Every structure is written in C-alpha cells, then in structure tokens.
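Below: one structure in structure tokens.
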Amino acid sequence: MIGVGFMGKAHSNAWRQVNHFFPELPAKVEITVICGRESAATERARGIFGWDRAETDWRKVVAAPDIDIVDIGTGNDTHCEMALAALAAGKAVMCEKPLARDLAEARQMLVAARRAGAVHMVCHNYRRIPAVALARQMIEAGELGGSIRHFHARYAQDWLVNPNFPMTWRLQKKLAGSGAHGDINAHIIDLGRYLIGEFKEVCGMMETFVKERPWPEANDSSARTAAAKKGKVTVDDAVSFIGRFANGAMASLEATRYGLGRKNHIAFEINGDQGSLYFDFEDMNRLKFYSANSAAGHKGFTDIIVTDREAHPYMRHWWPPGHLLGYEHTFIHTFADFIQAVVDGIPVQPTFLDGARCMAVMEAVADSSARRKWARVPSVK
Amino acid sequence: MIGVGFMGKAHSNAWRQVNHFFPELPAKVEITVICGRESAATERARGIFGWDRAETDWRKVVAAPDIDIVDIGTGNDTHCEMALAALAAGKAVMCEKPLARDLAEARQMLVAARRAGAVHMVCHNYRRIPAVALARQMIEAGELGGSIRHFHARYAQDWLVNPNFPMTWRLQKKLAGSGAHGDINAHIIDLGRYLIGEFKEVCGMMETFVKERPWPEANDSSARTAAAKKGKVTVDDAVSFIGRFANGAMASLEATRYGLGRKNHIAFEINGDQGSLYFDFEDMNRLKFYSANSAAGHKGFTDIIVTDREAHPYMRHWWPPGHLLGYEHTFIHTFADFIQAVVDGIPVQPTFLDGARCMAVMEAVADSSARRKWARVPSVK
Amino acid sequence: MIGVGFMGKAHSNAWRQVNHFFPELPAKVEITVICGRESAATERARGIFGWDRAETDWRKVVAAPDIDIVDIGTGNDTHCEMALAALAAGKAVMCEKPLARDLAEARQMLVAARRAGAVHMVCHNYRRIPAVALARQMIEAGELGGSIRHFHARYAQDWLVNPNFPMTWRLQKKLAGSGAHGDINAHIIDLGRYLIGEFKEVCGMMETFVKERPWPEANDSSARTAAAKKGKVTVDDAVSFIGRFANGAMASLEATRYGLGRKNHIAFEINGDQGSLYFDFEDMNRLKFYSANSAAGHKGFTDIIVTDREAHPYMRHWWPPGHLLGYEHTFIHTFADFIQAVVDGIPVQPTFLDGARCMAVMEAVADSSARRKWARVPSVK
Amino acid sequence: MIGVGFMGKAHSNAWRQVNHFFPELPAKVEITVICGRESAATERARGIFGWDRAETDWRKVVAAPDIDIVDIGTGNDTHCEMALAALAAGKAVMCEKPLARDLAEARQMLVAARRAGAVHMVCHNYRRIPAVALARQMIEAGELGGSIRHFHARYAQDWLVNPNFPMTWRLQKKLAGSGAHGDINAHIIDLGRYLIGEFKEVCGMMETFVKERPWPEANDSSARTAAAKKGKVTVDDAVSFIGRFANGAMASLEATRYGLGRKNHIAFEINGDQGSLYFDFEDMNRLKFYSANSAAGHKGFTDIIVTDREAHPYMRHWWPPGHLLGYEHTFIHTFADFIQAVVDGIPVQPTFLDGARCMAVMEAVADSSARRKWARVPSVK
C-alpha cells in the first residue's frame, strides 16, 4: 500500500476486512507493507492501519519479493511512475483514480499493463456501491428499455465554499492535475461510461471561483512576506459539461466543490424509454426505479433499499435487510473482486483501459473548456 | 351554507367551483344563502364567498323554500339541532365532522335522516383526497392481501405548543365537545373505518398539557380581574389509543396539537400481508405503496404521484400529471359526489351512519381514557 | 380570454377565483368574453368556465368597449398579432409564455406595450409559487450570500417517451416555435433570470429523439396514404445548456419531455456562498434551504412547508399551515398582482421586457445549438 | 466472545476494528477466544471472524486467565448464567440486549455486577448511532425545550409476514423470552429511556398473528408425523403500547415483525415545546430537527447529515462529511467507549441498571397486555 492519507486509511481498511466478509475468496490477504514519504507519519499509519512493515521508499516496495499486489493511493502525479515500476516488477496493480495526470500517462500505463500481462484495476470504487451495481444489472437486463435518453449527473461537495479554506496539494495543478475535474468529475464520468456507454463528444466549462487562498497556518510562522501568504489556485473549482454518448443519449454533468450543503452528493438520473433510475450517494443504500411497465395507477419511483441478501449485489456478505452499509464498504467489494481476479489471472473492470477512457473524456472536457468549443472524445483502444 | 369561518370559506369555495370542474354533473349549484350569527361578518362573508343572500337566523334558512341543500359548517354544539330541523324541512343535508357532540346526538341525527329519507353526508373530506381514494381502491382490489395487520396513524398539528396561544371555542368542552379528539382524531378514526373496517375495542389516554390559557387580547380591555384573564382549558390537547379492528388488525392512533413542526400531518401506514401503504397529508398528492409481489430485488415503497388523469380518482377533472392539487379540492370532490347522489336520490358515503360509528369509536376512546380501561366500541346500526 | 384549451381552463379559473381569495383588491373582475376558434368548443368552454359571452373572432374581442383586460392564452404563433392589436386598442394585456415565437416578435410586442403605456405581463406563473417567491425574498435579503456560484435546473416531463404518442401542434415548429425549449425550458430560464440575474453567454444542444409520430386517430379515417399517417416532428424533444450569468454564477439547465417518471419536475438548486436552495414543483409547497450560518452540528437542508399565513408570500389569503396549495393557485396569485397593477397603472413583473429577455436567452441557446458554438445572449433594453 | 451467529459476526467485527479507528484508546484489543455450541461452526467462525482460539465450553472461556472481557452474544436464555459466571471470575462484561429473559434475572445480574465492581454494559448499540447520540446532546442542551410532550416510536421489520417462514428459536418463548417485544421493542424502549427519561405507566397489547409455522426444511426429512411438521409460535409477533413518562411526556410505541416493506425501520419522533426530532434507522446517517426558534418563514425540519468531523459524535474517527456510516459502526462506537471505561474502571452507559430498567418496562407492558389493564413500571434501583 503506497499512500497514508484518506485513501491510505480507506484502502487499508478494505484489505484488512475483505477476507472476513468474503471468506470464500481463494486467497487470504496479508497486510505486508505500507509506504509513505515521511517516516514518522508512515510508522504511525502502519500501527493504526495494521500493516506489518512501514517503508518510505516506494521503489523498494514495488520490488519487494514478498509482495504480490501493489496498491497506489498517492497523489495523482505519482500514479504513472509507480504503476510502471510495479508492473515491470510483475506485480498486480490497484491504482486510485484518476488513473493519471493526463491521457498520455494513462496510455503509457495501459500499454505497460498489457505488456506485463498483470491483473490491474483503477479504483473507481463507486461502481461497487450495491445500488450502483444493481443499476448496472437493471440496465443490462433491459429494464430501462432499448433507448437511453438522458444521463444527468451532479457531484457536489462544499468544502471550498469558504474563501479562507487554506491551500492544499489538491488546488495545485502540478500536483493534482486538475481540481473538481479529476477528483470528482472523474467519478461521474466513470459512472456514465459504466452505466450508459462511451461518450462521443462534449462541450464544457471550468471555473475557478476563488483565485487565491491562504497557505495553511503551519506555514504562517515562516518568514514569508505578506504576498507569499496566499497561494494561487491553479485548478478548477467546478466543471460543467454537456455531451452525447455514442448510443445517442444526452449527457449533462456537473462537478463542484461549491455546492453548499452537499457533502458527497453523487447524484445521477438516467431516463430510458422503459424505465428511469435515480441515485444519490448521500442515500447510498437506496436506488429509485421507475418502470413504464408497472400497472396503471401504480407507477412511481420505487425506493429500493438495496440490502436484500438474496437479490442485491454483494449483500449476502453483510447484514439482514435494512441494516445499512457505509462508504468504506465500496472498497471492500472492489478489492474482493480484484483478489478473485488476481488469483484467477483474469481481467476485472474497471481496468486501466477504463481508466484511460475516463481520462480521454476528461481531457476532451478540459480541451473544450479551454478552447470554448465542442470536442470529440479521443479514441482509446 | 351555515357557518362563515374556516369551514364556511372552504365549503363556499367548493360549492362555487364544483360545476366548473365537474361539468357533467346533473345539476348546477346555485349559491343561494349564507348564514352566520353576526350580521356584519355574515354580510362580509357573503360578498367575499359569492353567495346571493346573507342571513343570521339559521331557522329561516333551513325552512326557505328555494333551498334544496343545507350545509352545516358551524360549531359542533349546533350540528344536531340544525340537522334535525333541516331534515324535518325535507332538505338534503351536508354536515361537517364530527357529526355531533356525542354519540347520543349522532344517533338522533341518524334516525332523523333515515326517517326523512333525505340524502345526507358527513363531511369527512379527507376520504376524497385522490391518494386516499386510491388507497381504498387498492385495498378493495386485494392489493394489500387478505390480512391487514396494522393501521398506524398520527394526526399532528402544532398550533397549541405555545402556552400563550389564547383561548378559543375549540378549547371549551361545552362548545367543542372535545379537543384534538373531535377535531382531528375523528379524521383518522374515520380513515381507519374507511380503509380497514370497524373498530372492535380500544384503550386510550387523553392529556391536557396546558391547563389554562389567556383570553384573546380583544377581551383584555374589559374590566376583568387578573384571575379572569385566563380561561380553563376543558378539552384534551392530545389523545393516543391502541385497539383492535373486527378483522383482527391492530390499531395505534394518536392525535395531537403539540406535534411541533407538524402542520397538518395526517400520516397513516397500513401493513397487510401482500402490501403496505403510507400517506402523509403534508404530501397529499402522493401515496407510497409497497407490494410483496414485485420482482425480487425491485421491492420498495413506490412513490405514486396521484395525478394521472386516466388512472387516479377524480384526476380527469383537473390538470396534466404532476400538476398538484391542494387542500380545498377535497371538498370539491366530496360535493361533486354529494350532488350526484342528491339528484339520484341515493346514499353517498360517508353517511350519518358513518358519522355515528365514528362517534361511537370516539366515545369508547374517551370512556376508556376516563376509566383507564379497555372499552368495547358500541354498536351502531 | 382568448384560448379555450389547458391554459384557457387554468386562466379562467384564476379570473373567477381571484376576488374570492383576494377580497381587498381594488377591482372586481367581470368574466366577460371567452374566445376560441371553433364555435361549439368555445360555447362549451364558456359554459363550463363561467364566462358571459363566447366569441370566435378575436379581433372583435380585443376591440370590445366593455373589455379592459385581454388575456392571451393561445398558441405561440398568435401571441404577437393579438397583443399588438389589444395594445393598440388600449387594453391591459396578459400574455402566456413564451412571449412569442422569436425574439423579433417579442421586441415588437415590447415596443408596442411601451408605446401604449398599458399594463402588460407575461404569464410566467411559476414565479408566484409561494416557495419560489420566498426563494426570491431570501436571495434579495442576502441569505444565500454575496456570490451565487450555481444555478442548476431541470424541467422534466415524460409525455413524449412513447414513440406512438400522436402528433400535436406542440410538435410543429410553425405552430409552436419550438418544443421543450419554448414550452418548458422557457420556465426555468425565467426562473434563472428571476432568481439569479441576466444570462451572459450560453452553449447548448437540442435533440429530437423521435423524428416522426403518427397523426391522431381522428385523422386516420381519412384517405391519407400510409406515408401520410406519420407527421414529421420539427421541434426539439429536449434541450440542455450550460452558461454563465452576468454575476459570474454558472448555469446548467435541461428541459426534456423524455424524463420518464417525471411529470412536472421543475427542479432547481442554487448554491451561494452563504446558503443554498432546492425546489421541485412536484413538491411545490416546499422549499429546502441550507444556511452556512446555522450552528455547528445543526446544518442541513431545512424543509420549509411554505404555508405559513404570516411569514410566507400569498399564504394569508388561503388556509391554515400545512393545508397545501395546488397548481392553479399560481395563476390566481399572478392575476391578483396584475389586477392591482392595472388599477394602479404601474408595471408588474414579469413584464414584456422580461418575456423578451427570456426569448433572447432562448434564441441564444437555439443559435448555439445550431452552430455548435458558444453564443452571447443578445441585449434587450 | 460467546456467540457465533448474527451478533457474533457484528461484535467480532467491532472488536477487530475498534483500535484501527480509535487509535487513541488506552488499550489494544486482543481477539482471543470465540465460543459456540457446535465445534465445527465455531471453528469456522473463528477463522472467518479472526479469533485466535475456538472453544465450545463457555465456562472455560469465562474462567480463562488470559481473558479480561467477556462478551455475551448468545440467546437470551443464557445471558444471566453466563454473566454471573463471568462477573464471579472478575471479568468485565458486555452483554447483548435484552439483558435477560425477565426482570428477576436482570436484577440478579445487576446485583452481581455491583458486587463484582466490574465494568459492565448492555449492548443497546443504537444509542451510539451518531444521529441518536446527537439527539441526546440536543435534548440535554435544552434544544427541545423544557417540556417534552411526545415520544412516538415504531420499530418495524417484515421477515415474518409470510406465514411459511419457518420456526426459529426466536419464536419460542422458552428460548427467546418473547418475540418482537424483547428483540426490537427493547430497543425503542431503551431509546425512550435514553432520550426522554423513565417510563411511569404503560398499557399495551401483544398479538401473535400466525400461531403455527413449519419447522425448517432440514427437519422435514425426519420421521415426524404431519402434525409435528408445524411448531407452535409461543411469542408475540407485534406489540403496541401507550404510556406516560415520569416527566409527563406521552408515549406511543409499536414493534412489529409484520410491517411489510419496513426492513429495519426504527423510527421515532420527539415533540418538545421548543423543538422536535425525527429519526429513522433506514436513513441512519440523518437526524431531522425542527426548532421553534428559527426565524419566521424559515422553520421546518432540518435534514442533518450527521457526518461532520468536528460537530458530530464519533465522526472524527471516520471519513469526510457525506461519506456515510453503516450498521456495524454502532458496535464499534459502543466498544470504544466500553474499552475506555474498562481501562478507567468507571461505569459506562447503558449499564446493567439500564438493562434492568428496560426489562422493567417490558415486563409492565407484557403484564398489562396479559391482564388488559394499565400497569405501573416497577422501580429498579
């Protein structure tokens, strides 16, 4: 495990938990090494998260002979280099999203993964929310009909609304690649691809509402001049785009860190000619389904609590109906499928191809925004 | 129309509107006389509500030869006397709920209505909320199954929470008969009877949280002593009861004027062995329906927006789907059915028998509360 | 009243009702003439809706000396001609939205209205939903803060999802001007202007999912050839656009007749730096408000039931709290304000200037869609 | 850990997880022994849940010198015996609810715990849902006002609706003590005590809707006669009661396994004279709060997503806002507080006194139901 922050915590938990809830998995995870840049913080994380060893040199980790799986949960600027090294060392690779800083890096990673023949996955964990997995099943079973008309999604958070919220690596282009775009728009683009299909063309706009932010207080004690006390925000605060899918559906997506009151509002609505779906992560155990085929007078959005052991994806591993799952369970489901694939030596979605195609859409949106024109989504094969 | 207050306004509107939205009715309503106690207020109401004449002597009204229908929308202490007179004069009678102050009065009215052979109705208007009428249809069609297990209802308002809210006739037993019990518990008891069947036995409790309240400011200018500035509340603030229906279903009902935040929260849930229903008047255009017969993985409460012209009761008279109805429409539906019945000379539910049976349940609850024991609901035939 | 269809019904009701609920208005509406194209249908409408006279020649109506107000509720292709004539005849004019077929017509109407000095209004009735009027009050009072970041709106209906739904005038460009764009997108554009301010630039896309539709059965009996049994849909089924307001807020709007399960879903969310609002017409009596200024731990969207007599716009004219209003009440509020303005001889929003500016946004969206580029919204003064 | 079923799984998880999310705890849990009746099942549970040793003789476990804490998660008929033994052996004791089969047993356990001076806790885990803990904080801070008027709660599940659902130990009085009463009514009674205070008197009814159920298929292969293929249900299916708290609040509670469509619907509403709260476990991350002190026109139930690191109980241990918690987190919170108390040697709520007082309310309800009268809640000190 490379990374000791938010994702380090969430991923560590999933590696620890996965065999306890998926006991039939063909392999038992050994929680070997966690790796971070700072020694003390990494050692602390090791202790708390339950790893055997702590390490500060990721190159040693990816080369370690007792390691089969490398999980990359670091900043976006390091994904490519680490993944290439891990793949070269013959490891299976799990990589946080977005796959890379740009499409070029993503293509490199895809090529390397194919060349290595290794099992690889990009951690778009929201695909394995049971409600989302159910949505996919329903669409595949034709329950929304033959024509999907709309994919309308919004991912809104609100942690940047206050202009005094301090600078972080997430607000610097050279470290993060982009802002809301790569951090959260990537998720709803991935959900669009997962549920509807490939995007064909897009037209978008990106905004940075607050151009400068104070550095964190820790830095204030330094001898900086007043001017240096603020840092320039070089990524987008919000991004909005419209577009078309290859199958003719219309797309309207928006991702923002300024959606005051919305904490982790990953909301999407899909309208087909036989059915519609609505989901909001802030009610992540529920899926709303409307069927045109319900009896007259009985039509409406059905509020499915997706916790049925027999009928709902992943739920037989958990609790009785109505006993809800939480955020981190999405990683457990993801890793369970990944482990099975690693043992079986077969691909598991979302692969780096998915990650790269998601990057292609993101790049088209960014390009469209910069040039103020429609952009075709580059093909990635 | 006798009564110029809240009900006078709501009923007048319905008489005025009914032919415009139910043009196929076999009779056209003429808005003849409105009657109140005070001359000036009645004349003002006449002008605003659109009646031809104003009158202050209700006996003249019920005897007037140009009147076919008498609508009683006055305080509960006058229903019986007025209804008897109107029936004796050969009029069709619409009477606000609760039908009377007590079961004895209600029985008298029932006998008189039968003797007169007149069309008569007690205005339990909530039966004709389209969502409630739909609930009834679904239950009759067996969609909740053969066994109803629970009727769980709560009618909560909050206008008495503030202990300085002044005294009104509604808080005096001699004028109102009871408090939350007759005013709002009557409604959910009626809905229980309408949707589930007859109550068999009950056990209840009634509370008066605030025992004294200030008289309205208007009276303060008088020469009252300080002591006289407060009046004694002689009715219940809240009533709660459990019980059994004749068909074996369990009943749990509560009516309160102290449900802070609840404005007109008439909420009920019905659980059968094949389906469940949930309704809340504060979302009066919606009915939530759960069917055990939905496909595996698709079960959940369906949020039916009850505004479909073809499929939903009364809706073909109104607007396209999703264009909601409001509170006063319930009276228009009630009066439309009443007018049809008056012309046809046939009974129309809820009759005075329904009103009397509702009073019988109410009396059993009050009796049970006073004596702190279970009470059997008296039979009314 | 010119028009006997859906709007004829809704407007007639409002003219009939307005004095009963707004008795303090300085004038009493006389329900004089209703005008339609077909004699029998108009006479039927007259009887049902309660007008004194029926007429089939609108030119006679606008010239009639006993008429002070002309209300235009006809197809979009006739608004301009009728309004010009009515204004020339010195009448006050109420006109259904969209104001005209295009911006050029709208400008003509605006010029004529100014020249005539007559009170005029475009019937964007949704502005006077109490919840929307409250939203406006809150924004004006600064409760959303100094910077609005997002206006995110979707108006979805679903009556065209079935490809066998027959052709109507609404699907023909020469009669309707546009499809979802003019019919429903106009409403959310108007709400954007009302609540946020002027749009600066837009980029949109329009789609016609189903290109041909069968003519209504009535026509099938004719001697048409098979080919002629289908008509070409010449308007948009759905429109989606992004854009910027002059004040820097981002806009994302979508209007569709293919939002299966959504009946009259006029949903918008506004995110400011101090507060957010959410509204959905399918819960039209509610407004959700999030304030960044609530106490720590107490923040969340507050579900305001907008039925408080003292505190909420228009509500003192209606019922006690929690007794909901319905769709047609929006017209009553609109006409109440209009009547007051006519008597006072002062302007009343939304004026033809508002109608024309709304058309300007619509035209920019359509233009942007046709040319696949961003478009600046033309200035209308 | 004694018990390998549903609670064995949930408790084991919490013991495993607690130090990872509460790293500041003064002790690190060692997952030593799990104990069940059947050797194979226990060994399987040991492996899956992550314990060091498996054991089938609980007496050995409670006596083991390397054990400090005994966690009793077995059937209700064994709680008392095991707890007495564990306390006698000087262990700290965590016991699943209901504390015992009856009040007499509960009193015995309370006496033993006091005599032992051991830290002890009854696992009413729902107290530590962050939303419920927040509710308690708000009530203690006076945000609901000085007078609580109503506690209205319903715990509904639906797993017994189908009359062919087979017999289990939960439906046999000698093993389970009671049905819905001890299993789920106990939870809402505990929440009533936790949030409002002590119950004073109650009047209840209990029903067994389906009197006989088939034995599980596993048994069908045996040589039973047809008659023996069904077992008698000797516990309640549903229980409903009304009552009064010592502080004057009215109580209305219902627990049922026949609430079709309700999976784990622990819903309560509390109405005070300054504020109201609403909670439903099926939306366990949310608390609805209404304050009479909000500004005019702004009042409504605020939908608090209880995931704020700084402001909400337990949340600083988890994820960013809007990243929801699930069911099993309630046990982790409970055990974290318990471990702290064990190390500190101080009591931690809910103690066996709480468990016994909950049993006292339950016994009064059962007694009231059997004798069809009101019953006073026995005092437990």
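Order of writing sets the chain letters: A, B, C and D. Residues in each chain are counted from 1.
The rule we apply is simple: a residue touches a chain if its C-beta (ideal position, glycine included) is under 8 Å from a C-beta of that chain, and two chains touch if they have at least 3 such contacts.
Please read these numbers as outputs of a predicted model, since none were measured by experiment.
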Shared chain contacts [subunit A and subunit B, defined touch]: C, D
Maximum centroid distance from subunit D, chain identifier (CA atoms): C
Mean-CA-position distance for subunit D and subunit A (Å): 36
Centroid distance [mean C-alpha coordinates] between subunit C and subunit A, Å: 40
Two or more partner chains touched - positions in subunit D: 262, 299-301, 305
Contact set on subunit A toward subunit D in their complex: 6, 10, 12-13, 16-17, 19-20, 23, 47-50, 157, 159, 262-265, 281-285, 305, 307, 319-329
Parts of subunit A lying in touch with subunit C, wherever the complex brings them together: 147, 149-150, 152, 154, 156, 158, 161-163, 203-205, 207, 209, 238, 240-242, 244, 248, 250, 252, 254, 256, 258-262, 269, 271-276, 290, 292, 299-301, 372-374
Touching residues on subunit A, where the partner in the complex is subunit B: 134, 286, 288-289, 294, 296-305, 308, 310-312
